[in-house]
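Order of writing sets the chain letters: A, B, C and D. Residues in each chain are counted from 1.
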Amino acid sequence: MRKVCVVITARASYSRVKTVLAHLANRDDVELQIVTTASALVERAGRVSDVIRAEGFTISAEVSSLVEGDTSLQMVQTTGLGLIEIGSVLQRLNPDVVVTIADRYETITTAIAASYMRIPLAHIQGGEITGNIDEKVRHAITKLADLHLVCTAASKSNVIAMGENPQSVFLAECPSIDIAKSVINRRPIDFSPFNKYGGVGKEIELTGKYLVVMQHPVTSETSLARTHVENILKVVSRLSIPTMWFWPNVDAGADATSKEIRRFREISDSTNIHFFKNMSPEDFLVLINNCSVLIGNSSVGIRESSFLGVPVVNIGTRQLGRECAENVVHSGYEQAEIESSILQQVKHGRYSSSSLYGSGNSGKLISEILATANLTTDKKLNFQ
Amino acid sequence: MRKVCVVITARASYSRVKTVLAHLANRDDVELQIVTTASALVERAGRVSDVIRAEGFTISAEVSSLVEGDTSLQMVQTTGLGLIEIGSVLQRLNPDVVVTIADRYETITTAIAASYMRIPLAHIQGGEITGNIDEKVRHAITKLADLHLVCTAASKSNVIAMGENPQSVFLAECPSIDIAKSVINRRPIDFSPFNKYGGVGKEIELTGKYLVVMQHPVTSETSLARTHVENILKVVSRLSIPTMWFWPNVDAGADATSKEIRRFREISDSTNIHFFKNMSPEDFLVLINNCSVLIGNSSVGIRESSFLGVPVVNIGTRQLGRECAENVVHSGYEQAEIESSILQQVKHGRYSSSSLYGSGNSGKLISEILATANLTTDKKLNFQ
Amino acid sequence: MRKVCVVITARASYSRVKTVLAHLANRDDVELQIVTTASALVERAGRVSDVIRAEGFTISAEVSSLVEGDTSLQMVQTTGLGLIEIGSVLQRLNPDVVVTIADRYETITTAIAASYMRIPLAHIQGGEITGNIDEKVRHAITKLADLHLVCTAASKSNVIAMGENPQSVFLAECPSIDIAKSVINRRPIDFSPFNKYGGVGKEIELTGKYLVVMQHPVTSETSLARTHVENILKVVSRLSIPTMWFWPNVDAGADATSKEIRRFREISDSTNIHFFKNMSPEDFLVLINNCSVLIGNSSVGIRESSFLGVPVVNIGTRQLGRECAENVVHSGYEQAEIESSILQQVKHGRYSSSSLYGSGNSGKLISEILATANLTTDKKLNFQ
Amino acid sequence: MRKVCVVITARASYSRVKTVLAHLANRDDVELQIVTTASALVERAGRVSDVIRAEGFTISAEVSSLVEGDTSLQMVQTTGLGLIEIGSVLQRLNPDVVVTIADRYETITTAIAASYMRIPLAHIQGGEITGNIDEKVRHAITKLADLHLVCTAASKSNVIAMGENPQSVFLAECPSIDIAKSVINRRPIDFSPFNKYGGVGKEIELTGKYLVVMQHPVTSETSLARTHVENILKVVSRLSIPTMWFWPNVDAGADATSKEIRRFREISDSTNIHFFKNMSPEDFLVLINNCSVLIGNSSVGIRESSFLGVPVVNIGTRQLGRECAENVVHSGYEQAEIESSILQQVKHGRYSSSSLYGSGNSGKLISEILATANLTTDKKLNFQ
């Protein structure tokens, strides 16, 4: 029975592979191993490791590795701390293939450990193009990986163009679309996020128009993170449309973002914003699916929202370069541009569904490939 | 004044960049910073950090990071341990550009630290093709690097084909050839290695034909390392040609190799082999320059020896895929094939000099690029 | 010139040695080196490293080491991470004596590094008796230390009784009393904490009676930390006396404490509590010096408050066993007992000043000893 | 069923607790967990982890942690690296009590992890007095430990005098004497060490008088380690008595020692010395039990040899302060004194057996205490 070890380093990564995990867990020819590490183990980021357990999966190992601090130095240390322990975890679990997801800085830990230990490495979401350090991490992991499970046709051709063997590259859709598909008919909202998740701020009205904001610090612009958030807070406050605001990732810059949100809450008398930390991926997407505009720089705006047809205002450089469907309007960080983009999208309303990132079949496709693909750790630059 | 920080992780890496360091140290527009780490700090591997100091350079920081052990687990841990400390070293030294050399597993530490901390990263010897984990490491570093200083025309086109911006890729020759050039006329041998470096075993005759052996463990075949060395020892012992044997790198598999050499020395009554640990790069190349055949799997056989025209028997998979000049004969691990290959090369004698890896001008070229090139940390996949 | 290296791991430790640092910095026969690490580098804990710099000292090195998480596992990892880097920092700074302060878990890092590297180790505040893991850490450090700078006569006799050479044990008062002495005449309050430090919650009246609360999580009772804080919040809220509440240390349990405070702020309509993160040690003590009762389990209640004569309600086990002056009333965690203890102390009012922990001369005494004491790293169990 | 976790960090530690492990493994009320780490996992030190497995025990976890290098910096790093991983190992194994042995520098890792995680810690061989850093480590561990299993009456009174609760201190003999007892009648030698263990050097005669040497580097005198070994080598060589020489521990200074031995072997034509790396504890003691004099600074000379009545020349400061029986003659590092001490002991011959360190019952006693003692992690300084 093939042992498939999936390493999850953050809340968002879990959402992305949830359907893959479910399909793997259901297969008779696979033993699923889940390892959680980095911000997946941290209270401030909602300890997604506990969420995974609560949703019925078994965690094979937790690797505590997040070094606290708000600079890139701690990103380097976190990567190192994870490496020190993950090797012996892999030695103990002895998987046939290790799966790493996307391009967060700490995921290179998994890629290095598996490749140095000669365990075949599968990489989900390679070949995409964005700004930021993620761009470097993503392609470096492609060069360490043996199996590439990409989301779009363009990503597939990018990975092959970089010298990977075409037979190791599979167009397998994006698993985040699977969850989007499961909620697309849940309109209007069928639960109370306030009762279920608490959060802070007055309860807001969700039956009419409302906005959702999710703005992560952009690692390359740490010092600006605070201003970016302040600008969005001011615009959203001024518009007086009910708003659900989600706390950012635990990353370099996150402290600044959080501090600005706290400062704003103390000095402002806005009553139209409610702040949440975490939700289940499904509930989160139901909120998105029913909102008027999703604002910020989350990849959810690019991926899930394209399938849902939700209007998006994508702010700043974080997603720059990523393939977009027509639902996305790009904006800079200036208040005026953010405001006019939001109003433009409110006016436009819902878009038709795009299958750019998949049709909701990815969990099945990826689990099938992981269970049956030919596994090897030998490869060389391959240019046809 | 531009601060250029060169990170050296092993004896061989120092040899390769020695002329680059000399040129950088002589420039008025550059402040040279040298950081040593991993096996460069280890007694068993000749503590090249002390050698560098003895040759007149200043070491800005030493980062102790080599975890002892003979498996790939320790490779992973060594990479992690280095990451934990090198970040604060880079923060303290605050360089304008960081230089990493070639493709040893622990060099990815430097690449991650610099790229995560947004310090421009220059990579020497990218774009080449070989077997082994080095192949993955080398190309992953290319994807983290901002400036590519490649050795051959084929390497240049490989790096660009992987999606790097052509303007960031410089054909700058291989600096190892610079040292080869400086010794090419030192024939016959003009010093006594026995007096200068000791070593173990009887003194052997160096005025006539003699062999040099340098066989590193191949990480992917750790368990076989001992047999490989045993086979070479037996062939060389049988041939009764005077032989200089160099101790291997401190890598996974090195313990097995060393153990086999020690065992052989105890049981065998061969008197034609003398064993050395380390030499200055120049003295080492003088020995190569005067030998009849260089045997093993060191890249010196491929690079420096092509320029020197020294006959080489390259054994096994370690250098597979690397561009070779006509001086190299490839052999498997069987005693019969090794023996016949050696005899073939003894018979052939010296080859004419090849400039495949350079003409001896690399230190000057690379230092000029490091001192003056436009430095940035922003890049995206770039396919023309 | 003797190099004295003081390692500071937390906000409270800095307050305690501030006058020692000032005296050391002013001596001609001493070169002062300050190293900050662990929570001294963390935003959530007020980055005391920046405060130290702002107050005119030079930081020789920062050692990032705090692993994020709310369990004892991260305490172990933080200790380990600090060890990995502090050794090379000490090697670089090459001090003649290293100073470690008190008994927080991460201070054993300094003690191990110095003793293993044969650098004489001085320990401030040894020999005291408390509950908790601090008790073990404190005495273990005594056994690693070469020079003992204790605060009370009883501590001195305890250290000697443990087998330390009497000539290495100095009764040098507690440096925290030095700062207490410098503010003892600042009555009434002569600055606005709201203008200077912000904080959250309505501004409260400080001209009449007011309370100060500082309750740290007790590491051995992590799961109870939340209930303890809830009880104090309820009592203080019910009493309706204006209250300044200080955020706890960044320790195991701190997340629970902070979460409870946030939850309370959301659901309660109390308007008599203002919450602060950090203040300069002096401003903090001025607030204490003018309050009616100091509540919680901070050692400030035992030490500085005894000198200031401020009434204290010490809650729970954290300070159990520590020598107290008459200003302290001990209470359990029950609301009724907390409430009656507070009322008792409000009624009693100010106590006369005690010199149990010193007379304000400690910085001078300790700096003199550090500058001139005979230094050695050799010792053996010594029972007269 | 009580889970007892024994952490073994070195070859010598295993020998010392072997009978304890055997008794624990045989008990119905105990689940034995063995964790190996540091030099127990290193080839150069004979990978005692493999030996333990070969002798029928199960290893629950291996924690790779030995940082390579010959200075005290690496001792600090090794301690830190172990801490980073051992916490999660203890979390996974969830023992009721953790056992740490003696006083090697890296054993403090176990003591810190267990005490910070509130797992009761038992310490074997506390309360003894020696020179060196071991002295500090041993007593610091006593202050972290909850249960003290001491070897001698004097050790017991020392531990209690340091402030430990007398009810937590058990005089339980030294388990090393158990193995000594099992071999005391194996005279003459009943196996060939050359056939069984190889080693290097000519085979020597073991039927008449022969010497055994085991000299560890003394950490506080690293730079002198080479001279010490050279002196012993010269004396032993000059005496021309057949000699079995055992390679030293993998510690700071060990590289120097090994280098000196290798150098000596190359230049000397002595044929009376045979060099061994490792043996089973029993075989090793049989060799001791039959030798004329044991020379060096191993604690085997003080402990096992006192019971066996073997004449010992103890060289230098390493064992200074330790309780000795009459079988030990102390010598400095000078050749003349070493030589005369050896000749004195050869002349004297065998001593009568001493029970200073036990009577061979320790494994039983200690396992009984570990299985049944009251376990707690709360303690305070306790001076009657």
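Odds and ends about this structure:
Heads up, the rule we're going with is that a contact is a pair of C-beta atoms (placed from the backbone, for glycine too) under 8 Å apart; a residue touches a chain by one contact, two chains touch by 3 or more.
Just so it is clear, the model here is predicted, and its values are computed rather than measured.
Of the two interfaces, B-C and C-D, the higher number of touching C-beta pairs belongs to C-D. Compared with subunit D, the chain whose C-alpha mean position is the greatest distance off is A. Put simply, the C-alpha centre of subunit B and that of subunit C have 52 angstrom between them.
Work out the mean CA point of subunit C and of subunit D, and you get 40 Å between them.
Within subunit B, residues 64, 73, 77, 81, 84, 87-88 each touch two or more of the remaining chains. Across the complex, subunit A meets subunit D through its residues 61-64, 81, 84-85, 87-88, 92. Against subunit D, in their complex, subunit C makes its touches with residues 72-73, 75-77, 79-84, 86-88, 91, 105, 108-109, 111-113, 115-118, 129-131, 133, 135-136, 139-144, 158, 161-163, 220, 321, 377-381, 383. Per the touch definition, subunit D reaches subunit B in the complex via residues 41-44, 64-70, 73-74, 77, 81, 198, 200, 250, 255, 259, 262, 266.
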